[in-house]
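Just below is one structure, and these are the notes that go with it.
Residue numbering begins at 1 within each chain, and the chains themselves are lettered A, B and C in the order written.
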Amino acid sequence: MTALIEVRGLDKAFGGVHAVEGVSFSVQAGQVYSVIGPNGAGKTTLFNLISGIYTPTRGEIRLNGENTARLAPNQLAERGMCRTFQQMQICMNMSAIENVMLGRHLKLRSNLFATLFRLPSQLRDEAFCRERAAELMTFVGCGDYLEHEASAMSYGALKRLEIARALAAEPKVILLDEPAAGLNATETAQLEALIRKIADQGTTVLLVEHDMKLVMGISDRLLVLNYGRVLAEGTPAEIRENPDVIAAYLGG
Amino acid sequence: MFKRFMQLRLRDLVILAVILFSLPAFLDNPFHYELATQMAIIAATVVGLNLLVGYAGQVSLGHAGFFGLGAYFSAIMTGSYGWSALPALLVGAILVGVIAWIVGRPILRLKGHYLSMATLAVGFIIAIIINNETGLTGGPDGIPVAPFDLFGWELSPFGSYSLLGVELSGSQAWYLFSALVLLLAVWLAQNLIDSQIGRALRSVHGSEVAARVVGVNTAKYKSLVFVISAIYASVMGSLYAHFQGFITPAVAGFDFSIVLITMVVLGGMGSTMGVILGAVVLKLLPQLLADFQELEAVMFGLILMLTMIFMPKGLLPTLQRSIGRRLKKKAEGQA
Amino acid sequence: MFAEFLQYLFTGITIGATYALIALGFTLIYNASHVINFAQGEFLMIGGMATVSFMAMGMPMLLAIILAVVLAGILGILLQRLAIAPAKQADVVTLIIITIGASIFIRGLAQLVWGKDYHAMPNFSTDEPIRVFGAVLNSQSLWVLGIGAVLVVALVLFFTRTLIGKAILATSMNKDAARLVGIRTQMVLMLAFMVSALLGAIAGVVVAPITFTSYDIGIMLGLKGFVAAAIGGLGSGLGAVVGGLLLGIVEAMAAGYISSDYKDAVAFSMILVVLFFMPRGLFGAKVVERV
């Protein structure tokens, strides 16, 4: 069985500094796969490489067997990958629901003529898109904000809104970059439930997260990075026992 | 009832139509009509420019170049080649669209001030060519333009017409025509904004990286909106040329480009009604300041600076927010 | 043949040096505040016009120049304090419009005070041109080049050797960090505008005997300075100097060999070509997208 995501010998250097060095791992379809490590370990860089925001210095990334290392983010989106950001990327010049509707960009056929003259076909597509976006907002727990501008939403709600936008694209794999950062305990618990729901629907989840309790409870497998290199890889139980990980985390 | 109306999708269009068609009650000489017609045509240009600047967040400091190209194409084709006005306007618009697409692809990769610089350069090059190709364009002295004609029916500011039994002077007829054009321009722009294409455009402004990860080909959409706004400018340039009956290279010049972008920013980027207000204010201001004579430029510069310093979001969005806040306070007071 | 080329080169380098000084002014303000100051050209106009009018009052040239430059410096400070500083939250485009408003305002004042006429200013030294291999070199060109070179060296020393210069650099790199280490960033911004205005005014004074001066020369000179700064790469001092000289030389060659009507078109085409291959100009900083 081929992996959904296969990373081999990935390298990214900024100037002379290797942010990611010789990283290899693979993610099976349907897994919740987490990347952990101390600050500056290269987690976000790794995400930026996989999602096409950076191009790797060396190495390959395969999505469903296809080498995608040189593809742009929008090309990856066409192949079923979507993501959220540690520093949220919400379009504050749009309403909340429009942000989610934006996520369905690739699901809509754009026809300039039909758009300019608001032909019936266009109105039907638009209405369906809005309905679906509203469902997703309710799904992630932003149902109260259907009529709001994005700029009027709280931090925690915006984080969920960003997930709804990514889900709107109906991705095969979703990359969540520190979704729990800045959330309180209740919100984190809600987030954990949400990630489980997403995974239960068959979407593969790739997660970068600091909250150990969340990560250990939810992940099928974990990748531990330290100084841009792989320190360990395995199931939560294996990682918990791994002496290198314990040493790195306890500062030994 | 009032609340329902305020949530209507076409609210702005209805308000605008009411204003445009009741305005003649306040216009009492051909000069007023001339001014109002110019305002409507330029407002429609700015509505197009706002798609690029206000919604997609891409600055153009050379948009008069496209306006001038449309104006001169119409002038030359109707004048020297005997074309009818409508085909000249349409072919001109297509040509300008193609030019905008060709120059837009490479320069829209640029960001921030580099994009401003490149659009400014494109505008300048167009203006210089119009200025110097005297054989074709009449050079700095300008060129006369034939009246607008439609299927053998001529619309001249000096003619007289009757519409459904109402006698109209040429300037009144032109005003009504330009008002309809402005309404059409606004309707098309709002349809565009309120759609998947519109969301993609706005996301380029809101967060380009977010747009890309959900699959928006940002380069494609930037080119698209650049072309659309250039076509708006070209069509309005053609109409403006026919209305004025005489144009000079100033219609393509840097100063006019600056006027256009200032209308957008002053009125309120990303607000269609706002930029129309910006066009009206900026067109009226010199008329009002004419009494100050040599102080005109000083006053104009001062007003421009102060407005932008104290209302950086533009006139209409600032007004709307303060009215909204007052209404809310009042509502709370009653409750 | 060679004499002709040399003649164009002299013209190009002279005007290019002026562009370089304007571009340096842009660069300074851009570095400190990320504002593109469309009123930059007005500082040149003030420099030239004020010198002419002070001399008409009977002042000796040197005193007139010094007063004119000081006047421009004050104007630079006022511009920052009264127009840029209050608009902290404004968009980049909004700031551009504010500086355009400022330039219309300053130009309006100049027209009010000095009228619309062109004014001539005498050369600093002899009117006798110098002949080099058959080409004619105006003695004022030497002044332009000399003073330009001195200013560039002075700027380099200012930024590398003085605390204030380093404070400006630090503010341009990271405003918050600069504030944390105790740099008064508002003060630094004010200084940047002042130095930029001084540079512009000096450029305006030295070039005035060659080009004449009037209330509206600032628009085109300012734009050319912006072009030069963008060619070199916004924010790069070296880029501003190279961009300015390059622009001046290309313009002079285009005017000489192609057509003087199209010299500006050649200049603006050049910026498009440069940006096509180097989207951040010749020496612009490479920026990695951070998300």
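Here is the rule we use: contacts are C-beta pairs under 8 Å (C-beta built on N, C-alpha and C of every residue); 3 or more make two chains touch, one makes a residue touch a chain.
Which protein is which chain? UniProt says B, C = Branched-chain amino acid ABC transporter permease.
Because the structure is predicted, anything quoted here is derived from the model rather than measured.
Enquirer: Averaging each chain's C-alpha atoms to get its centre, pick out the one most distant from subunit A.
Expert: The most distant chain relative to subunit A turns out to be C.
Enquirer: Please list the single chain whose C-alpha centre lies closest to the global protein C-alpha centre.
Expert: Chain B is the most central one.
Enquirer: Provide the C-alpha centroid distance between subunit A and subunit C, rounded to the nearest whole angstrom.
Expert: Measuring from centre to centre gives 48 Å for this pair.
Enquirer: How big is the gap, in whole Å, between where the Cα atoms of subunit B centre and where those of subunit C centre?
Expert: 33
Enquirer: Mind checking the centre-to-centre distance between subunit A and subunit B? Centres are C-alpha means, answer in whole Å.
Expert: Spacing between the chain centres: roughly 41 Å.
Enquirer: Where in subunit C do residues touch at least two different other chains?
Expert: Within subunit C, residues 289, 291 contact more than one other chain.
Enquirer: Where in subunit A do residues touch at least two different other chains?
Expert: 53, 85, 89
Enquirer: Where in subunit B do residues touch two or more other chains at once?
Expert: In subunit B, the residues touching two or more other chains are 209.
Enquirer: Which of the residues in subunit B come into contact with subunit C in the complex?
Expert: Those residues of subunit B that touch subunit C are 53, 59, 106-107, 109-114, 116-118, 120-122, 124-125, 128-129, 131-132, 209, 254, 258, 261-262, 265-266, 269, 294-305, 308-310, 312.
Enquirer: State the interface residues of subunit C toward subunit B in the complex, per the touch definition above.
Expert: Subunit C residues touching subunit B: 30, 36, 83, 86-87, 89-94, 96-98, 100-109, 111-112, 223, 226-227, 230, 234, 259, 261-262, 264-265, 268-269, 271-272, 275-276, 279-281, 289, 291.
Enquirer: Help me check something: in the complex, which residues belonging to subunit A touch subunit B?
Expert: 51, 53, 72-74, 76-78, 82-83, 85, 89-94, 98, 101-106, 108, 110, 112, 115-118, 122, 125-126, 129, 165-166, 168-169
Enquirer: Taking the complex as given, what residues does subunit B use to touch subunit A?
Expert: Subunit B reaches subunit A through residues 55, 188, 191-192, 195-200, 202-203, 205-207, 209-218, 224, 270.
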